[in-house]
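Below you'll find a set of structures to go through.
The two complexes that follow have chain A in common; it is paired with chain B in the first and with chain C in the second.
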Partner chain A sequence: MAGRGTNGRHGSRGHAGRTAALARLLHKECIQLLELYRNSESLPSSPVDGGYLVSIPPLVPQLSDAEKISILHAALKECLRLLEDVITREDAEFSDEDSEYKRKWKTVRDRLGHLLASTEQLLVEGQKFEAKVKEELDGQAVSGSFRLKMWIVRVLQDLVHWTGQTSDTLRSLPAEVEKAPKTMSRRTRRGAEKIRK
Partner chain B sequence: HPQLNTCLLLSLCNVTGLGEPRGLTLNPDLPAQTLSLAWQSDSTLFDLEIFHTEFMNVVLNVIQADPVTGLHSWTWHSPLPLECTSHSVRIRARNQQSVSQWSPLQTIPGWDIPEKSYMFPEDKMIPVGSNMTFCCIVNEKEDFKEIKYGRQEMKATRLSRRSYAITVTNQPASDNTGTNVICSSQKFQMLTGTVVFVGYPPGDEGLVCETRDLASAECSWKKGRDTHLRIKQSLTNYTLNGRDCLEANERKTWCSSKMWEENWTLEARNPLGTVQLTDSAQLTDRGIHLLAPVNVAAVKVEAWSATLQWSWSVAAYKKLEMVCQLRLFAHELSSTRNYDGPGLSSVVLEGLWPDVDYTVTLRCGSKHSFWKWGDESAPYRIHTKMDRPDALDVWMWMDSSNTGHVFWKPLSVRKSHGALNGYEVSQSSAEEDGRNTVSLPPGNFSYPILLNNSSDVTVAVAARNPAGLSQPSTVTTPAYRADSQLSVSELLGTNGSFVLSWEPNVSASSGYVVEWFPTGCTGLCPIDWKKLPESDRSFTVNSDSLVAGVRYTVSVYSLYTSAPTLLQRWQGYSQEMIPSQSVSELSLNQTGSDVLLSWKATEMKQQRGFIRGYTIYLASAAHLDLIANITDPAVQSYRVKGLTLSSYKFVVKAYTSAGEDAGATVAIKMEMDTDMLFVGILVPLGIMFCCIILFSIFFYKKREWVKKAFYPEIPGPKVSGDWSSPRGPLDVKPSPHSLVHIVKNPEWDFTKEGLFPVPEEEEESENDNMEVDTDSDEPALLRYYNQVVGDGSHSNQVSDSSASSTASMGSTQTEITYAGIQSPSSSQGAYSGGGYRPQMQSVTGPAEPQIEFEADFQDDGLNAGYKPQCSWQLDSPEAENFSGSLGSPTSVTSSQFLIPESSEEKPQPSNTWFHNFLSGKS
Partner chain C sequence: MGSSHHLLVFLMFLHYAVGFTYNCVKILPDSSSSIVVEVGKNFTATCHLLEGCAYTSDDIEWRLGNLSIAKQSYHRINETAVSVTINISSDMSDWLKCTAPKESLSYKPRSIYGIFLRAGYPPLKPKNLSCIAVQEDKDISPNLNCSWDPGSRNPLIDTTYTVYANVPGTVLTHKADCKQHLARFCVVNLETFPIHMVLKVWVEVKNALGSERSELQSDSSYFAKPNPPLNVQVLTEDKFPTSLVVTWKHPIDRTILKLSYAIRYRKVTSNVWIEVPESFTRGYIESFRLQSLEPYTQYVVQMRCIGESNSSYWSNWSPSVTERTTEAKPASAPDLWRIIRPTSNSRNVTLIWKAPVKANGKIRFYNLSINQNNEKFESHNITADNLSQMYSMELPAGKMASIEITAYNSAGESPKATLSIPRSDKELPGVKDMSWSVRDEKLQVKWTAVLPLPHPLKLSEYLLEWVKIPQSVHQKELPAGWQRVPKNVTVTTLNAGLEKFKRYNISVYPIYKYQPGHVWHFQPGRPVTRPAYVQQGPPKEGPTVTVTKSKKNSAELTWEETPLDSHQGFIIHYTIFYAIGNTKQWKSETVGPNVHSYVLTDLASETDYVVYVMASTEAGSVKGTDCTFKTMKYGDGEVEVIVVVVCLSFLFLTVFIIMICLRKREVIKKLLWPQVPDPSDSSIAHWSPDFPIKADLPKEDVSVVEVDVFDGKSLCEEDKGVLPLKKDKYLSEEHSSGIGGSSCMSSPRHSVSDSDEGDSGQTTSSTVQYSTVLGSGYKGQTPSHQPPAFARSESTQPLLDCEEHPDHLNESQSRSSYFRRGRELEPGVLAPECDGGSLTFCPVQEEEPSPVAEEPPASALCYMPQKSGYRPQ
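And now, the complex of A and B:
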């Protein structure tokens, strides 16, 4: 841990930069994917009501960047799970036809996996957060293909939102990462414990 | 709000009872959008009403009677999803005009309850062109805005307080994931929605079943029209003879069965419909589609044949009567051979060529009731063995009586049977024993022959390859016959070829040889030949072996056991062209007015056709003028006659049947002979001299007549009175048109003697004078004082005055002469110039008139008589100035006629020797 703290600081700044760039790229691709889907389905551009599927503790200023990254990492992890679920559902529902939209799906999924692996290295050891998914597809009242489509839109909205959040946070990271505590402050830990499982 | 009213009135007829129907029950089928009614009653005729509960819209008045059975149940199909709003039903019995009480309302609740927003129907699959009604239920807190079908905004009707509906007619096929129908509120663009899948029933066609192993079946078909249904549960399912065909899908259109059945039925089903395809065939009649042969190999390969073997993966094939097709590919050539037999597994390939690479493929089919070729085997390569080459085609060509070459043609791949190692040439003669054999490398195709004596030499040539030596081909030297020893015929090409024919020769027991080569060629020439059987009498030398514009010598030999014998020889061009070079040594020789053109024909190589003649042109700057056409090519000179002295350019062109060449040019400048030159100069000179003498004599003899005719005597003026003492005024009556208006010049000294005009009536104004000048027939009298002007005063005036005024004032003769004939402009000019000016000096310089004046003055002094001031000088430039006055009634310009003969004591300068000559003076 100490070794990583010393060597990893200088290394993590470069790595954080690359991770930030990756998050920025992924954020753009998520926007493109959402746009592609809306166009292919002739859906309005306004966001689907219901808020974000993935919920995390509020990213209050008192949290350190490392803690914020840990929390966002947990959110992105849930996003990846939802994304894979969407792909599975779509394949199950509709015939598997190649399209730009489907290719983009897979690109985003792979890149999100890379971003998760990359942010994993920025996490402070011992810190573990988990995000929650407020609403699962199976629990929704409206059934049928339209519900699936709306749920896909919501997953994409979440992807856009959380990759954007991650990108913003990572961009502000290099100045703060050296000060990142090896362990959480008491107050922060208490706040985070609320969502720990 | 417009409302969709779905109210149905149903009447069922019976004749008895009016009791109120009891026990009305409603049984909705939501997916099917049907509502089943059941009730109890003794009556058989009923009125039935269905309402949209909330607005209680009623409405259909159709009475349907069934007097026989009487139905106590009925099913209604709703055009609207039953979830869209609540439906209420009531029923009453009817007997003609009397009716019972309505049964209590029975209601099935809709989903338009306050909690949520919904849209119906969900995930419906309907055929293209269908009509459908969609409804949107808006929850309590939302205000309905619109419903969109895809991207199209639709007109909605209100079913209840919170339920709205649209009806879409003639729906088009959906995209991949269905057509979205989206309901939006004022707050949310996507309040709720549903998806409809619009497509087609299956369109598959063309079921064909076959067997690969004589036991199982494989059935295939063609995919028809796209169903447009991509949702998994709507994909087409297939069954073959009632068994699910799981391997078939949108892309794979085949299905297998373990057992062959005579009748096959494929059923393709999707939610929109079913299609059935059938096929029936006996296994023996049709349907055997053999698998590809395996383990193909050549077990025995020879030079001319090979044995091919293979095996079958299906044991049942061994007893099947089959036909196999074997395809051979070699050097871009292919051939196909068919073999048949039961369970065919080997064939012998005959008719192959030695040393050739073959690629073999094989496919088989059922011989009886042939259905189709089976799968093709993988290509197999066979290389046949070599064999001895074929015999060479040999010919001997003599270019002199004792030298020649033996030629042979290269063997083609088909004839060499393997790469050649070389050739063996052996030479023998009757007088010498044994053979002289030489080996030549494979690139040689000729060998020189030298005859030491007169006996014939026989040469044998054989080709060698690794498989052995070919049969030797022999040829005996033919007797050399120069062209000059023969009557060589002219041969005309036909379409680039030579068509030959000859009389049969009895000695040609071994046939004929036609030989051709470029005429004039010596040494190793491109000799070509063709051996023909003895039955042939004609041959065509194809254009492939001939070059246009080249003269060929074509010979026909008869072959016998001994030396070939020349039968006939021709020379000709397969295609004539214009000569490539003009005639040579073109020269000309002048003989008097004739020119002899002579030239030589160009060399045979450049002729490129038989020279048919020559054309001779006279060349000018722009074109050629044909002056001769010599049709005899032996004539190589031409005389051009009667040329005048000039430069000429001649062009001589040789022509063949293809046309003229570019032409050779020669030029000449014709020169006169010296004798003729002498005659040409002296004779005209002599004639001219004689003519001058004759004319001189004639004019001298007839000078009087000539003088009268061309220079008549002019009588001198008769002057009366005494001109010597006129001390008084001289009255002159000017002509009406020559009024001299004398202007009083302040600078003029009238006190001096001189001639000046005096008006007859001085008191008359100038205007009056002008009127007189113009209107009066009698001209006004001018009075002159004839005063003699002294020399000194005259010379002073000349020096003091301007040239013009000097000239007029200095001459007593001129003072009366030209005043009246001045043009008005001149008169005005005189006024403006400040005095009278005679017109003759108006344009002359001051010096010249002065000299003239002095000459005249001297004459006047001597003659003391009147003379015009101007001497007769027709050539004088001042004469032009008189043109305005010549012919005028007052003109006195022709002074020569006024000169009295007596005054001609001193001739005028104009009186030349010619004048004297005419006068007879010498």
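And now, the complex of A and C:
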């Protein structure tokens, strides 16, 4: 095995670089998923009007990179919540189907979780931003209705947008931002309780 | 029945051993299941007597299985407790029992308690943990295959292996239980492979005696193994005969895994790969140009990839792609050689050549130019065809030739190859000596270097030539192979694919060079040639023997030499085997390889032999066909000697008989021809009544024999021919002579004597009468003057039969002639001389006998024919 590192080697890339690559990958996968969904549901390829579901404070240039990342992290977190809601509804509708389409949903979900975990390590301790969801899908929304589908499209559009924003922001980070965050060990210990077989 | 009985006993034992209510003993530690103890460690258990128990600690006894534990291991703690310490070994998985045995005649019940010990080892730490997730489709598979070395020690107890995987910073940890005993690998499903994340993987081994774990933590790409590059192609470029362009496609998107590539290549004819330095292929590229290759050469190219900065596993090598570089003009000259066969007044020169070693392409044709005596003789363009890379020409012995050849491919012309053929009497010297041997199934040839020649001739190199013999008539391949070696070499191995069991003539030529102008000329010297085999085998067939000469005690055998192609080696000797008939008692004679006939000696006469000849090489022998032959009964000259001896013996015998006949002729004559009285001298012829006149005549006895002259049966065969002629005569002459006619008559029919009847009837009678003349004057005997007395002979004796003396036949005939002629003869010439001692037929005169007959000479006895037959007295 030529070129192998030693045990525990993290590779030559820094954490921010890996996070940026992950954000880029996720952004691409979200685009693919949106395309896939539109095709499968025969929806128009034009963007759905109404703006993004997730709203954050504006990413003004005066904000530091860390603050931008924190804001984007909050937006991505809301995106994940919305995505899990969509998957739950999709699972309810196509419970027995194990298609490429469904796997793609779950891949995006997992990848988004990875990105959140990865960006969290870039957060500066003490800085907390919150994102808001402008339009929740209330319980009256009938599953399978056109409104639901439009809402899913909007969720996917948000995913594409915010992952793209994150990717761009991370790629523009200078090298000094890449530092070993303190939160990593704490998060690791905390999260080690959930084991999936 | 037996098994159910044992089960019942076992259940009863368990009932009493564990939780027996009447027990007043108890062991600590206690467990409802087995107690796992570590091999090699000490284990201590204590047996307690419960309250109210009538036993004391002295009554306690420890047993492991059915064996009592030595008292030395006991430790009395107090009146009610005794502990035991045992060192655990791997075979101690058994019941440890504490008993308080019932004493004899005691009413106390027997108490027993036991715990089950299970011996084992704590788990070993897994070594060399590695995990890999291969590429699936366009992504990395979520299935992480982990493997490790569990160690060789069997833990003896239940041990579990579990693989965990976790992305630090996430709450989710994936795990996989490995079901196998002493598991070495396991697959954990990560659901989604955590690209660009740190992944932590560990394997945990657990059993009752402890747990161990091995851990890996790294960028997840460390666990990824991409597929080989896709669609690898190798492209040629015109006008760039030394390069190939390799193109490929990325097997995985760079957002997942950014790859760098490795390229390796080799010649098709080689097994050695050449790897392009990684620094050349670094970067996310999709093509690369291989340079400094050889023109018109097939190359095999493979690729593989790895995560950028070696951040993943290497992929497998891609399937091989083969491509040939384009042609360049030949970089070396053709290898030109010649074979010279002298003819009656010229030389047949066959030019043969090989394509240039560095042909750099497919040779299309050759340009062959021949000069004789420095004048251009002929020039040919010869198509490059493996079957026709030769050219034959006649070269007079007194002429020299200079040959030039150039090869062409699609890219251009090769350097020129030259070769000089001198006049027959101008050959340059050859090597002194040459020998060969076989090493590693190849011919190694050794020779003595040639001495330096005067300027301007220089030794350029040596050339070794091999020619298979006998050469095939329909040979399509080159008639010879050759190999050049540097001039400082005197030992080399032939790199020819020489066939086993085939004879080759190996020749060593020194090649001289000189430079008359600006071009070097090359001229071979005189060769030294030896036959050789790279491997000898037993002959294919044995000689057919024939027997050319077979004698009484020897036989000459001849056999033809088998075809050279069937020798398969050097014949070292022939062995002649021969045996009598089917006795199989073979005798043998061994003769040299050049002998093809042999004389077997000491053979038995008139005996069937079987013979065959066996030909032998150093590798084996083979017998020829059997030949049978039979020795003669007689030896040379024996028959001739016998014939000569027999002939000589016969000759001697004949001579001897003749001698005897000559010496004893009188006796023989008497035996064969007894004396018969001569009728001519018979007194009957002169008989007359006046007896006194004849009184002085010797008296003769005359027998008259009657002969049947017409009895054909009594005539001799010789007379039969003349019979018709004689018949009349006989008839007309009235059987005048009983003597002459009776010589061919076998027997008289009658004998009459003193018969008067015949006097008148004699002429008609068929008998001839003989009369016995009784006288005393015959043969010089003095006759008495007694009156003659006639007595008729009764003899049946044949008279001088011609059968007994065939030679008298003619005489008889002539006698007849005499009779016939007798009429014409004068009386004066009648009397031939008759030998006094011999019987002689005298001619008879048929005239009327004179009354006074001439007296016959006293010394002669003649039979005179009786003219008028018997005349009565």
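Going forward, the second predicted complex is superposed on the first by the 152 of 197 C-alpha atoms of A that agree within 3 Å, B and C clash if a C-alpha of one lies under 4 Å from a C-alpha of the other, contacts with A are read in each partner's own complex, and residues count from 1 in each chain.
Operating definition for what follows: a contact is a pair of C-beta atoms (placed from the backbone, for glycine too) under 8 Å apart; a residue touches a chain by one contact, two chains touch by 3 or more.
Keep in mind that what you see is a predicted model, and the values were worked out from it rather than measured.
The partner of chain A that touches more of its residues, comparing chain B with chain C, is C. When the shared chain is aligned, chain C comes close enough to touch A:Glu120, but chain B does not.
When the two complexes are overlaid on their common chain A, residue A:Lys28 makes contact with chain C while staying clear of chain B.
Of the two partner chains placed by the overlay, only chain C lies in contact with A:Thr19; chain B stays clear of it. Taken together, the two complexes place no residue of chain A in contact with both chain B and chain C. Here chain A touches chain C in the complex through residues 1-5, 7-13, 18-19, 21-22, 24-25, 28, 106-107, 110-111, 113-114, 117-118, 120-121, 184, 187-188, 190-197, going by the rule given at the top.
Interface residues of chain A facing chain B in the complex, by the touch rule stated above, are 40-46, 48-49, 92-95, 97, 99, 141-146, 149-150. Chain C contributes residues 139, 164, 166-177, 191-192, 194-198, 216-219, 221-222, 253, 255-256, 306, 309-311, 313-314 to its touches with chain A in the complex. By the touch rule above, chain B contacts chain A in their complex via residues 116, 118-119, 122-123, 150-151, 175-178, 180, 182, 184, 188-195, 230-232, 235, 250.
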